[in-house]
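Read from first to last, the chains carry the letters A, B, C, D and E; within each, the first residue is number 1.
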């Protein structure tokens, strides 16, 4: 860690060697030689800079919204590796694969390097000055109502700048779009607990019943939850936590469950109510209204509707009753239906009757500076932007951190609608599908080159403000930080207000210094405070602690059975994988080559199908199958997978890019494209699991590229990966 | 003179290892992996790519079996009939999957070492199975004789292969370790570059490494802390305590506790009966019996 | 007949002796004039003799990275300037003028590597300097000179030792005393060679060889 | 007294045998049947050799020496090299392991044996040799040659004996 | 039927054999051209592989060895027949070997030279192969003498050098014949130089006999050790299907078997190409065929023993490999091996086939195919089905690069062999003379004692 008061920005200059060649060691010389290579020497160097010695700088991971703090290992002016920052309450020094691949986002050979202006089908390199001029020119005379800014989840000072900029344009049209977000859950939580995202204490629970929440994989804050999970498994008083996962397609979390219960897609709510009923029958006292409401959900009916055996249902109720506190989680698999909000309400109700609220579910501290609190994304934003585009209401569209052309269902015609906007500006790192539709593409600094502050939606302890700082000099001369760009743009409108800020760095620094007393003693010198802040890479504030307001749902309407269609007999589950998520990371080769944990497939998409169903259809592994929905078809290799309901097929999200460079383009298929436009009744979120498909063989067959060998997941009687029943193991004596 | 050398140090030259031998001192690097904590998330594998300059080979080469993941996460399905060739005989994997991080087991009596024609792979005094890339001629005998098949051969010259480390990507490479060119065998080293750096720095201080001062990349990153790495000699180290608690002996090919009917312990080593004496202990995944 | 057998026995003895000799320790490369590395032309002909001999400047004063990291490195230019801006007497000499030209342009001097090991060798300066200079109080010039030769007699440095692996090992195989001589303490525990503890001699001194396993330097 | 060579060719071994028998039985001054007679034949013929008297062969001593030397050299070279190879432990086996060294010693034993046997053959058989003064390519075809060296005085006696036994051809070295 | 016409004049033997050294027939050039074309395929493949890396051979993890090692064993195995004919049968005084042992020995030498190439081709860093040689160097490094591969190298070096010496020593009298009969030119010089001044004197013959006998004695254990050591490459490893104690004798039997089959093939080819009908008689062929049959049965037995011991034992992984061989993706090749190696040779038991040249040619080729498959079936299935189920790989298939080099190796062998046959007498003239001489004497003796003349055996 750096702990002297050397100016952080000068540091970058001395550290950089101005394009010093990296020796590909091992391929170079193989014998002692003299006078062939040049020694790299500094003109001036800070005391802590020595060749061959790494320095470590703290920053924030920008790969997802969890806001993990990272430590970058920097050597000879280049960042080599991202490691976890142990001081962070979110990730406590740990990382996921996705986070580590952040360096590949930074060093990606397919980054946009120059501002590009559309000229027919081609992009023409222009200067930044010209780009700014062009934006000013295009915005000139356009009413604020016709200017849309579409971003992904955004927080910290960038959000402040952006909202100020939108203000300066007299526009209220900042849309925060996340293709995959727990938006339904937020609404349900707000109803049940009074907050959108409470704190979950998996580690304090003795039983975790998760309805499709992939908290070890891609749900909310996976690194944090993984650590909680480790404690949960160890148990607080020697009693190991029990995880039961309920879902129709096995997730990574499901693969780690003690009992994985497969349910008919969409019946998660039914099961939740059935469990409440069973709990009542087992002697748990239920509020009368609840008892009445769950009365019809007797175990036979529930078993019949969900496909979970009565035996399991009884056992589940028994263990939930016996081991308290427990925790019931709710994930995307339960949310992604037209009745998603109802499912969510039912599941939250289960938490409430189990008395978990206040024990394993607590309110998060609220952010003391609401203006920097995250703007949370949802997919309803896409619907709104799309409608506005279709109606011609949007004249100028800015996009940042989103790729709606890729993630919007084909049926929305997003790309075509986008063309209707007069001027589209994409702030982009890569030429992704959306950037390719834009008129102007502005190249951004990578997260490892840029300044920023982040506040994650999920705050496990107090509020952590994470500082993002450059770990090395810019790789490309003509990229700009998003903050700098916004500052430049806003200066066009409000020059006087922002004149004091030379750049975004100055802005962030001033802003944080202004609130110094929130973070440190007033007496601390500004420089010292600032350097300590950068050195730590984060600052924790207590925030205001809240209490949850438990409100029992009065009515939960669950459909008797989910929709089916004789023409499209199967349900498509677009699965979210921990490394590729919504596809914005698909050009990071480590992630492409990192095998999917469950299927071990790399570099390609696949269609998961239950062997029973596959046998019915005559499909074997590697068959290229056509998955057809009402809105289109995709063709991908079949993978026979027991961890899926026989009436469902699953295709992972994230692959299938037509753009975004060499590592993303042409690998796999994009199931976003064929999704049906079905929405959650209450929130208007796209119901991701409501797409019905049919599946047919194309006659082609390939060898599935996967790590799993010919033996599949079978150990052939060898003692390789072994498991042991909990009643046969003595865990208390373990070190 | 060599004859005198031979005669004088005869007992030293006839010294066998590890059974009946003095333990390594002051270091014996070892690992324990708690499969109950491992979630199969692949973070360790990516960390290994980042730390050890592993090439991303791409789809075609991966398909051809040329992948280079020193640490691979294996996924098994619990089956009722273990001898069946079918992936799973249950209709649904209702007890989840079994994940297993598999890397070089740094065997104490490694089968790979004896067969190398050029002596490129040896056992070090701190208990590692070392691999000298520059000595390797690429006979691949070591891999042929490795029961775990955790040795990876450079089938192509990855540093010069298109799209492996294009343009700026080279700047990510860790300068502390050699970049392997074609025809060389490589494998997990327990992040030997970190171990060596740590050992050197404490030598400067005249002391021995304490637990936690050297971490492997996979251990450092593991979100659930499933991987423990450390010095097996050091009774303060977590890895020592875990091995001790699980009653797993480094130099045994059959553990005493396995002869007891229900020891309640879950430590084991893979293919222990082959007498390679692996340095990695796994702890069985636990399954709740009440549900 | 007996003559024949006697002769045969004699020959056999000779042969086994010579064969084992052939297998004996690699031939230690001699440091002769022929062993000198090539003359390397440097951008500035730096006079080591002037600095190290005439002025008596400690090697580590300039090559300061050598006690901190793997590579000894070339001192940053500010180090040269730090002294030379106050030495007016030589200010106008061609070499110093050249130095200031680089300084004014803030351009690094493209020094050429004189001791360039193969890329797969990881030699650590820090450990060697700490071991022999700081822990055993051996004279700096002797310690550095073990590998770099008598630099104080050179102008531009030139390689004087073979730096071949056998040459490195010839020192690692020697028994070195593992007791601090007026310097920092040296721990004995860390000095293992071939899975053996360091030997304690009759007079109580502990001797140990250098690290011998391949992965000490090759990884 | 000067000596001359005489080569007689015979069509078969029986004739040659008769000749040798006669030469043995006849005492000719200036001709020693044990030292001055050489039989040249296209194939090996132990019976003829028997008649030439006890002429020991020493090749096997070379063999013994070579094999032992090879084995010793092998073992010590290998063990010595292992002892000097920086004592790298491999697979938990001793630095100087016996089974592999025995295998290699065995190979070196054979290698030494074969090489030195060949050397011994060349030494004992006097090869490579200069061509003898009298030679006929018939000897390598189908005829048996008897080459004798004798004082000038004995030449005619020998010639007579050869002729008597139906020598096909008699070559005579030119007088000096 | 006699092994050879006893009345054949010695001068005619010289003439006939020497004729084979003279201006070649068209067929010879065709064979040579084909051989060179085959070699260029292999050279092309190797250059490609050298530049691109071993990956182009489609070897992979876990299939780190493939056709190269299999074919290496095949060629090493083939070399054993020369030793069988020249050394073992020599010690057993089976004189019918005499007309054919020379080319068998040449086959030994050249197949060893071919095998050696495969070791090279197989190395990932061919340019560093000298690391595996023991020589003093300034790094102070030695190869690892514990590695069976090094034993291999040593054994092959010993075998190759001893075979060449044995071949050469046995050829000295013939070289003298050539020297005596050749017209002036480079050949004459060559023969003069190589024949070392041999004149067939009694002293030379005496030492020659002892030397030849001694080396033959050495060669037999050497040959056994060579293929045992090759077997050790596998048997000394820990892998299921390889760690088999019966591998060394099994390999040796397989080696003799493939060698004998190759002798039949070459016998037939030489007989026609060089018109050696009078020396390479059908009677000798018949003996060779019978010998081959006997060895085939030994091999079959050892093969069965190996399977039986695996089957009967408790080593489940080895058993799995065996089952995998018989039922897995390699099953066609494995059954092919059983068919070619154990069923086809049954043909040789029938008298009428024992001299039927077309049938024998086809059979011998099939036998060799079977033996090649055997080697492949030793190498590949263990890799595809080793100890560690996760890495089982049943889909690996050698690429054209591997096939190309294997294919080319046959060209290389043929080239060496054909050049040898043109430069050196491929039938031992002096030993045929000996044979004729001794046989006719024996016949005469028999006739003298009034008995019906019969073949020597």
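As a convention for this text, contacts are C-beta pairs under 8 Å (C-beta built on N, C-alpha and C of every residue); 3 or more make two chains touch, one makes a residue touch a chain.
Given the structure is predicted, the values throughout are model-derived calculations rather than measurements.
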item	value
Between chain B and chain C, the fewest steps along chains that touch one another	1
Chain whose Cα centroid lies at the greatest distance from that of chain E	A
Selected pair, greater C-beta contact count between B-E and C-D	B-E
Closest chain to global C-alpha mean, per-chain Cα centroids	B
From chain B, the most remote chain by mean C-alpha position	D
Mean-CA-position distance for chain E and chain A (Å)	65
Rounded Å distance, chain A centre to chain D centre (Cα mean)	90
Inter-centroid spacing, chain E versus chain C (mean Cα positions, whole Å)	54
Centre distance in Å when chain D and chain E are each reduced to the mean of their C-alpha atoms	30
Chain B residues counted as touching two or more neighbouring chains	2-3, 5-6, 12, 15, 17, 67, 72, 74, 76, 111, 114, 116, 119, 122, 133-135, 157, 177-179, 271
Contacts with two or more other chains, residues of chain A listed in rising order	23, 25-27, 30, 52, 703, 708, 711, 714-718, 720
Chain E residues counted as touching two or more neighbouring chains	140-142, 144, 146-148, 150, 387-388, 390-391, 393
Touching chain combinations (by label order)	A-B, A-C, A-E, B-C, B-D, B-E, C-D, C-E, D-E
In the complex, chain B residues that touch chain A	35-37, 39-43, 45-47, 49-51, 56-59, 62-63, 67, 69, 72-79, 82-88, 90-100, 133-134, 157, 159-160, 163, 165-175, 177-181, 217, 220-226, 238, 241-242, 244-246, 262, 264-266, 268, 270-271, 282-291
Residues on chain C engaged by chain B in the complex (per definition of touch)	16-17, 20-21, 23-24, 118-120, 122, 124, 126-127, 130-131, 134-135, 180, 184-187, 189-190, 192-197, 211-216, 218-219
List of chain E residues in touch with chain A within their complex	316-317, 320, 384-385, 387-395
Chain D to chain E touching residues, read off their complex	38-46, 48-49, 52, 55, 57, 59-60, 63, 67, 77-78, 81-82, 84-86, 90-91, 93, 97, 100-101, 103-104, 106-108, 110-111, 113-115, 117-118, 120-122, 124-132, 135, 137, 139-142, 145, 147
Of chain B, residues touching chain C in the complex	1-3, 5-6, 12, 15, 17, 24-26, 120, 122, 124-126, 128, 130-135, 176-179, 189, 192-193, 196, 199-200, 202-208
